[in-house]
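Both of the next two complexes hold chain A, though its partner changes from chain B to chain C.
On to the complex of A and B.
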């Protein structure tokens, strides 16, 4: 194993961890876990292109350093955050806001919780010393340096528990806002636990306050879906164009559970979303859909790991990338069917649309199959807008940009349509529209 | 379910019958001392009477190899190879200088006869002695270069090829007789520094085929090389270089077998193809090295670097491979589509059974304008084998109008095997159009039931379905090979059902 030569800021991060260690929430066993996680990160360092999973997203070249921890937001920062949240407010949701890596109770809505729903800030849970729950939140995949780092440094987040039989009427909306004006990193981690026979909708947004520019967001989400439960998940990344967003979600499904997730990335300078979904109960169903709308010098990477561990599960992945200017879109999707996971039905389709000659799209859909009685497939296409369709519309009087916008809308439509809730689908469409308008 | 007698017998049958080419030829041979050092490289070079530039080239590769580490990224698992425990050169002891095929050691001739490889031109020409099991095609000519361990023992139809201007000879002779051509092209497609095994090959390659087709010539017959590993503890490192000059065409076939042994033997070959303007090379392989026994013991490690360079405009390279042998296969025949309007094709059937591990696929690198490529890969995994397709399709910034179509399908027979697909699709040009699709499934029970109900046995039914599955690829093979390949497929899958 190569010894990673430490850069100055690399050392600074180590020092920052040493100093912050006592201030990070959680003592005893939690502190021990954090130390192990940090050591795991230090062993590997920032992932680079020689590590297969990071082949297309070389953080050593793109990010260079992990910035030190952001300070807790002051009143001014909270004010800027409130403005940003208001601008992207979604009606009819219960909002939970994290500003610069700290839960902001004043901007959040914790009143009149449904029966069976519990929401607590992560810091509170860790400080209270709820050992079982804490261990689950901080438990971390030490083979992935960025998830390990997130576990080591997590300052706050939300812990949501939904008791058996509870079906939430109101979607939950976790908003991550970067509001500090100085470049810094924020580390958050959240947990969502759905009991048996439950139902919930979770929206996650990543936003920037007015003066927040070159910050780094490191987020982790852990989801456990109980038997017969259903979770709908929508994720919108609208970070500042200079920002980094390195996030991961780890989802496990019980028997006959259903997980529907949609992600749209239009913001951020460099973003990487690592989604790991494990079917650990028979008869579960997973729908994963994603859209990248990127331009300028943006780099957006979605890495999906779909793990079929038990028989009779189904998964569908639809992914669309629209890449303009000098942007670079990456999709890596790996479906693994374990030896006993017979009757698995897994399909993955990824398509990239290149709008400029300098744009780049890399697709790596993988199948890894160890069971014989399965139906698995994937498809991948890359291409430009269809000239004849453009011509057809222009011949009917549509300006070029408008014609392109229509075709792009149709292209990403299939993925967006998978969102079950009408109002949330509208929100996603509006986000896509904003990107198209900015382009025109 | 307890193992019934029938199952036991079937298993026994695979053990002895499955690999038909496992015999060993008793023949005296001349070997280099075991192990690898600069002296080994010098020894091989001296044996071949090579000019100084060739020795220098080899030594440079050897020195670079010392600085490299063995790659580990492929999905294959094998004990560490001790490179000092291998003979790098083994040749049948020459009795005297040969003037005709009749003077070749009869043991060797017998070996090739047993394998169904025609070395005696006349016999084949008159149709007296068709290759056993082969089709009756007396009118069809195939020029054969037979490579036995480290040396080429015979090349047929030399005269006729010469008349057409085609150079087809062992590469060791070509180095002496056509140094200008060899120097111009050797190592330009697969550089000595390319990868661990290619570098090793560059240092110690002993023989292989050299083909040069002059401008405007359509090679009058199929060219073929037949590789045989015979000696114990030896590695085979052959090097093939094929150049199709402007407007020419050549079809080249390659076959390989090895005796049945408990130990693993290394085969690290390098194949380089170059096509100039409007030229075409069709390269077909039926790879049937010894795959190891039913417990996974023995077999060949087949670590091969094959690459074609479409250097000229409108040139074309087509790879067809049927992979049934080897304990481990690690091989990615690739095309560099450099010339404008050039095209590359890759048709592959990879069958793994027993404990075989296959990690194979292709690379299509689009550099020129309006280049196109097509990949059809069929993987069949049975027994406890692992079968991986790994492929790269990439379009560079200037590859305007690049087109690719990829279809890779996997078939699983049994629940102890694995089939994997790892494609890399990289587009850096908006006018590139890439399509990739992959499926994995098992043989439909409905289809099997239908066949069995009409009186076919289970194995016949599976054979029928599998042949349908691989038909697209078989059609690309020259006819003689297609027949052989079809038979190979049924042998490879024997005993995998039930």
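On to the complex of A and C.
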């Protein structure tokens, strides 16, 4: 029998749920689902290093305290959030802002929605008791304690539905902001459903108010991409230096669907992003790309499960980590090819660049192949900047940090290049450059 | 004042002494050739002048316009006007030649307290130089030296030399890996940069290169020292009799 030794943090999360449960949106069946999700979390407990998927991100060791659930943002919190949002505003997008775990209508743009596009705050959906929809949002992978906890505790989020045949011209931008007024934790969950023959771009940003207090953000994104639909997804994590970000995205693809996702983590103290992608329709295509740019004592974990359930699907993963000082980067990528998934074409390449002797990068690519007619491959490398290149560049007049910056940009370039939209690629490049300039 | 003065230079690499007291004086406008067999320390000298890490200077000095070059970082040396054309120019995937040259030129200008060069002015300048060296524009859009032939890599070195307008150019085995046509183009590029203010130090195994870049002074290196210096006829003499005669002298 698996006995879970409860830690203080684990117990504190239980207490937090007990206090919060009556205030959480959704009654009846939804409340029941939350309770089940919480029980799943309690059975498993806070993940630790003896659980293989969490080997490099031991939350029992890293997460020493549980911060109180964030109160609904007041005017001061909204003001701080608005300033942070403005600083990282992206032109030409429809902005949807979550402040301290609550949808902020005044900072969001819900006007003149395209025909076929519906956007609603999660709280509203749960309060309205739309059982089919809320079942999708709260129903959860109970094998992952943090996703279960997120389902149990989610206070708000956005529910986006794109009707069959609708192609959005304007990217959607979900901005998660911690106002940072007081130490707090927040739990959000969002749903994005793309019908058949649709197209959309989703950007997600994680930000904090200036000089934010410590916070813990837990987010879950659930995405269903219909047949012949395409989603482009860009995720930028620029949390503040004391922040925890424990998030997940669970994505399923229909037949001939296409999912292109890029994630950049440069902020936060401890972050874990678990991306689960399932090809459930034949002929679907997935490109998963990511970059970690971290320094100081940052810990950033990207864990990917690429599940090929049906034949004739293709997936590509390119991951790059740049790790300075005493930072710790983790990339776990598991490609599963189910027995029926013949003609799967799956490749994964992860590379880490260590800029200091104390930096650590753990790259763990895994293939689990149960079909016999497939093309699969993976590779992983870890190394330092090439001294001969650095000398050449310095001999041409570039100071060391500038030469390093050019080489780092080139190193992460292949992953950033995968972003299909030119303006969003520029946003990602600018985010990377901010990190490089800060270390120069 | 002489431009470059190497005085009694002693250099070690991993406990082994490579240069045992080398001296060399180069004045503005002069072209010096340094010849010598493999392992005589020619490339070590060029690396130490440019500031490559991994060499330990245990004695002597290198002065550039009277300043102590050994106290400067490689990028400071470049900004002061020291240029090394590499024997094997490296490939830098993902960094376009344009971006690299622009960043390097601006870094040098900034170090000298000059204004940055604007993109249009830079573009114009590079285009002119590239044209004179027969370097197609699309080569400049590619990663630095990525997929370049041996000749193209050497031409790219000369392009940089022309762009940065250094006071001293060290050309390390410029002829290695070049066929006769590529060699002629590269040499023409170098000759075009000869001027009364600029000095060049041409390091080579073979006399052949010196038919194209005619030196004022020829030095013979052996076992980490200059063992003989003379006029350009010394190079021809070496071609006849080989380096063996100097092995004992060292």
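Here is the rule we use: the second predicted complex is superposed on the first by the 424 of 440 C-alpha atoms of A that agree within 3 Å, B and C clash if a C-alpha of one lies under 4 Å from a C-alpha of the other, contacts with A are read in each partner's own complex, and residues count from 1 in each chain.
Note that in this section a residue touches a chain if its C-beta (ideal position, glycine included) is under 8 Å from a C-beta of that chain, and two chains touch if they have at least 3 such contacts.
All values reported here derive from a predicted model rather than from experimental measurement.
Q: Does the superposition put A:395 against chain B (first), chain C (second), both, or neither?
A: It touches chain C, and chain B stays clear.
Q: Return first, second, both or neither, reflecting whether A:355 touches chain B, chain C, both chains, or no partner chain.
A: First partner only.
Q: So in the superposed three-chain picture, is A:339 touching just chain B, just chain C, both, or none of them (first/second/both/neither)?
A: first
Q: Between chain B and chain C, whom does A:381 touch in the aligned arrangement: first, second, both, or neither?
A: Touch status of A:381: first partner only.
Q: After superposition on the shared chain, which partner residues are touched by A:370: those of chain B (first), chain C (second), both, or neither?
A: A:370 contacts chain B only, not chain C.
Q: Could you tell me if A:410 is touching chain B, chain C, both of them or neither one (first, second, both, neither)?
A: second
Q: Within the complex, which stretch of chain B touches chain A?
A: It comes out as residues 73, 397, 410, 412-442.
Q: Can you list the chain A residues touching chain C in their complex?
A: Per the touch definition, chain A meets chain C at residues 386-389, 391-400, 402-403, 406-407, 409-411, 413-414.
Q: Mind listing the chain C positions that touch chain A in their complex?
A: So the residues of chain C touching chain A come out as 50-53, 73-75, 77-79, 83-84, 86, 89-90, 92-95, 99-100, 103-105, 107-108, 111, 143, 160, 164.
Q: Across the complex, what residues on chain A touch chain B?
A: 52, 339, 342, 352, 354-384
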